[in-house]
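A, B and C label the chains in the order they appear, each numbered from 1.
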Amino acid sequence: MNAIEVKNLRKEFKAYSSRSGLKGAFRDLFTRNYKIIPAVNDISFSVKQGEMVGYIGENGAGKSTTIKMLTGILTPTSGQIQVNGMNPHKERERFVQTIGVVFGQRSQLWWDIAVQESFRLLKKVYKVSDEQYEDHMQHVIRTLDIEPLLDKPVRKLSLGQRMRCELAAALIHNPPLLFLDEPTIGLDVLVKLKIREFLKEINEKYNTTILLTTHDLSDIEALCERVILLDGGKVIYDGGLHDLKENLADGKELHFQFLENVDLPAVKKATNGMPVKWEYDEKEQVFIANIENDDLLISQIIAVIVAAFKIKDIKINETSTEEIIRNIYEKGAVEVG
Amino acid sequence: MFYVSMFFQYISQYAKTRLQYRADLFVEFFSDLMSQAINLIFILVVFGHTDKLGGWSRDEIIFIYGFFLVPYAVFSAFFNIWNFNDRYIVKGELDRILTRPIHSLFQIILEGIELESLLGAITGIAVMVYAGSRLGLAISWYDPFLFILFVIGGALVYGGIFVMLACISFWADAKTSIMPMMYNISNYGRYPVNIYNKLIRFVLTWILPFAFVGVYPASFFLGKNEWFWYAFLTPVIGIVFFCLSVILWNYGVKKYRGAGN
Amino acid sequence: MDKYIEMIRVRFLMMLAYRTNYYTGILIYGINIGAYYFLWTAIYGGKEEIQGVSVVQMTTYVAISWMARAFYFNNLDREMAQEIMEGKVAVELIRPYNYLGMKTMQGLGEGIFRLFFFSLPGLLIVYFIFPIQFSWDLSVWSLFALSILLSFFINTQLNLLTGITTFFLYNNAGLIRAKRVIIDLFSGLLLPISFFPGWVQSIMKFLPFQGISYVPSMIFTKGFTQQEAWAAIGQQFIWVIILIIPIQLLWYLAKKQMVIQGG
């Protein structure tokens, strides 16, 4: 059975627009203009038990709205949802027993009380027995290294500490399906790594399905084999991250750093006539040549550049996922075999 | 059963947080007491200039006020939803509530518990005893039971109305300050309804039935036969309004738009 | 100055945007005035006058008090409490304006809005439903206008004062509530100060509350002679000045505390 099954899902919002000025505002008292905006526009996909799926898209692409429908928070305008074999909104209270949710931007824990008090309360809320709790949570607490935080009130925790506790709280009832909405937002690298490790581990240990939205594509690269890409409320790509890279990223990036002062027009001039796109990363002081994956071309460009300027450093990279995604958004659609 | 055990879980958490801020607790007690006193002062001052209010004596009006304080205290302790719009809709805490396997309204009520408000019930009973003894009221064996029944009914009337007001937030696109304004209206149920004209009496009886939190049930204990019928209607109105509010709530949750969009 | 006036305008627009608030507001003010009208008729119970105030005057008093309240009333204390608890005040403090001044202007924007879109239409409706006596004397109206402006400042200052206390108390919801009921009673909104026993009245003379509602309402119902009216307005003005002192003092302490605690 699929963990998530979504068919022709749609969610519309009424967006009011206000007229400008005082006179306009006064008219708004009586009649108002509004538009119906589909935040999620007819999407379909399914996720198998045990899969880790990255759900990505720009701000306003409809990620959060989808997650909120999948978790039973919002009612869809139309379409079918089956999650863990249930309709999330119709059987909300029974349904949420089978999922865990982490919203990166919002706390799931009670602000004023100590973390372990929150855990205790949640344990009761989810009707978890003492043995289950001991058995499962000991491990979670150890892996996430939150033992020393348990007796502190949530408001005293740092963001990284809080996030680890949030994650533990979402797992108290050991749900077979986990929704993570921006779980690593604003976290430092070490905490990020720890959280990723942990997610991989529970996925392996309990075959937990994980649906993850994030702005940080390195999360997706580290965790997910499959991505669903959203734009303007529509799914524009659904498939392996690997395929996405293979098909779209048949390019390479050449990174150059120079010893002398070089500017962008100069490097462009040097490679004049060659199929190459130059970029300059000001922060890192690196010149990047985006080219197709063609061994001959790579050698040619390197040869030309080395001949023209004094080189400090050269790197040959695969096109980054970020770059790929940016390209997809610029083109607006994906055609992958 | 599960809900009862959850209730006590939340209460114990609540007690722990509350005891952290003892100074605030004290200020709150004090301010509650003060607002109760001020309403009494109003009655006393008014009766400095008249003997009867629509045929009711000063002590009777004070008795009604004392009775009103009890269901109101129960209501304030358990239905602390004044900030529902700000906290749960605008800041989106309802998202969290909706991902938990307990009825959403029940969770919100539990998170807002303010047991210290129950102190108002003690003030209320004291006021009733004072006024009742001056009026020479006798207590029958069934009076305490009816009293509890009427108090629950009255608290449910209050709860129902304010839950319905909170539901407005599911539809309205912006914040409203209806609840504090409604508080003023709720005060009119403390005066004999026969002083109002038909329209206001109708509103206070059937639309915003605040009269069932004060004058109607209290008139039973005051032996005002002509209002008995209304007095016994108190629990019925309470249950009806509260059920309506839960239905409206369940419907409203479906309309919830989510925050931060 | 421009930025403060802009604040008034923005607030004005915000108020217009909340239309549920607008409609229910008018309705609720109407019910309030109605209920008090009947309460007072019952209190009079056929008597010609109490403390030299006739029923009609009393009704007018109630109506005008509520309408004036629409102008001077605001929730600045609650807003400040929230901003302080959420730590937003620290951000406000680095903005290039006076935080308290800005709050006052917000309140004024709201007040002007309610005055025109709430009180005026409301008063018109009430005028046709209840027996109310309006004076068409221009001097009464201008004294009244001056007086409610001062009412606004006194009430707002008290709100700011209550709001600032949030810095020192973790949760001042109780204090805010207490302040509200005290003002309702002792400002003369619920009943004229002249109805209180003599000793209470003499205490009230030394408190700022009657400057909030009693003074403008008495001016409007011609309960004051012109001379008394000017004296009362003078008192209001003095209170506005006096209240600046504790506000500045507490604000100074609050800012110091904020530096220590880091907002």
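Definition applied: a contact is a pair of C-beta atoms (placed from the backbone, for glycine too) under 8 Å apart; a residue touches a chain by one contact, two chains touch by 3 or more.
Since the model is a prediction, treat every value here as computed from it, not as a measurement.
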Leader among chain pairs (count of C-beta contacts): B-C
Farthest chain relative to chain B (centres taken as mean CA coordinates): A
Chain ID, smallest distance between chain and overall C-alpha centroids: B
Chain centre separation (chain A, chain B; CA means) in Å: 46
Cα-centroid distance, chain A relative to chain C, in whole angstrom: 50
Centroid spacing, where centroids are CA-atom means, of chain B and chain C in whole angstrom: 26
Multi-chain contact sites of chain C, meaning residues that touch two or more partners: 17
Contacts with 2+ other chains: residues of chain A: none
Contact set on chain A toward chain C in their complex: 18, 22, 25-26, 28-29, 32
Complex interface listing, chain A residues touching chain B: 13, 16, 39, 64-65, 68, 71-75, 89, 92-94, 96-97, 99, 101, 103, 105-108, 110, 112-113, 117, 120-121, 124-127
Residue ranges of chain C in contact with chain B within the complex: 17-18, 20-21, 24-25, 28-29, 31-32, 34-35, 38-39, 41-45, 47, 50-51, 75, 82, 169-175, 177-178, 181-182, 184-185, 190-191, 195-197
Residues of chain B defined as touching chain C within the complex: 21, 23-24, 27-32, 34-35, 38-39, 41-42, 45-46, 48-50, 52-54, 86, 168, 172, 174-178, 181-182, 184-185, 188, 191-192, 195-197, 199-200, 203
Chain B residues within the chain A interface of the complex: 2, 5-6, 9-10, 13, 16-17, 20, 92-96, 98-103, 173, 254-258, 260-261
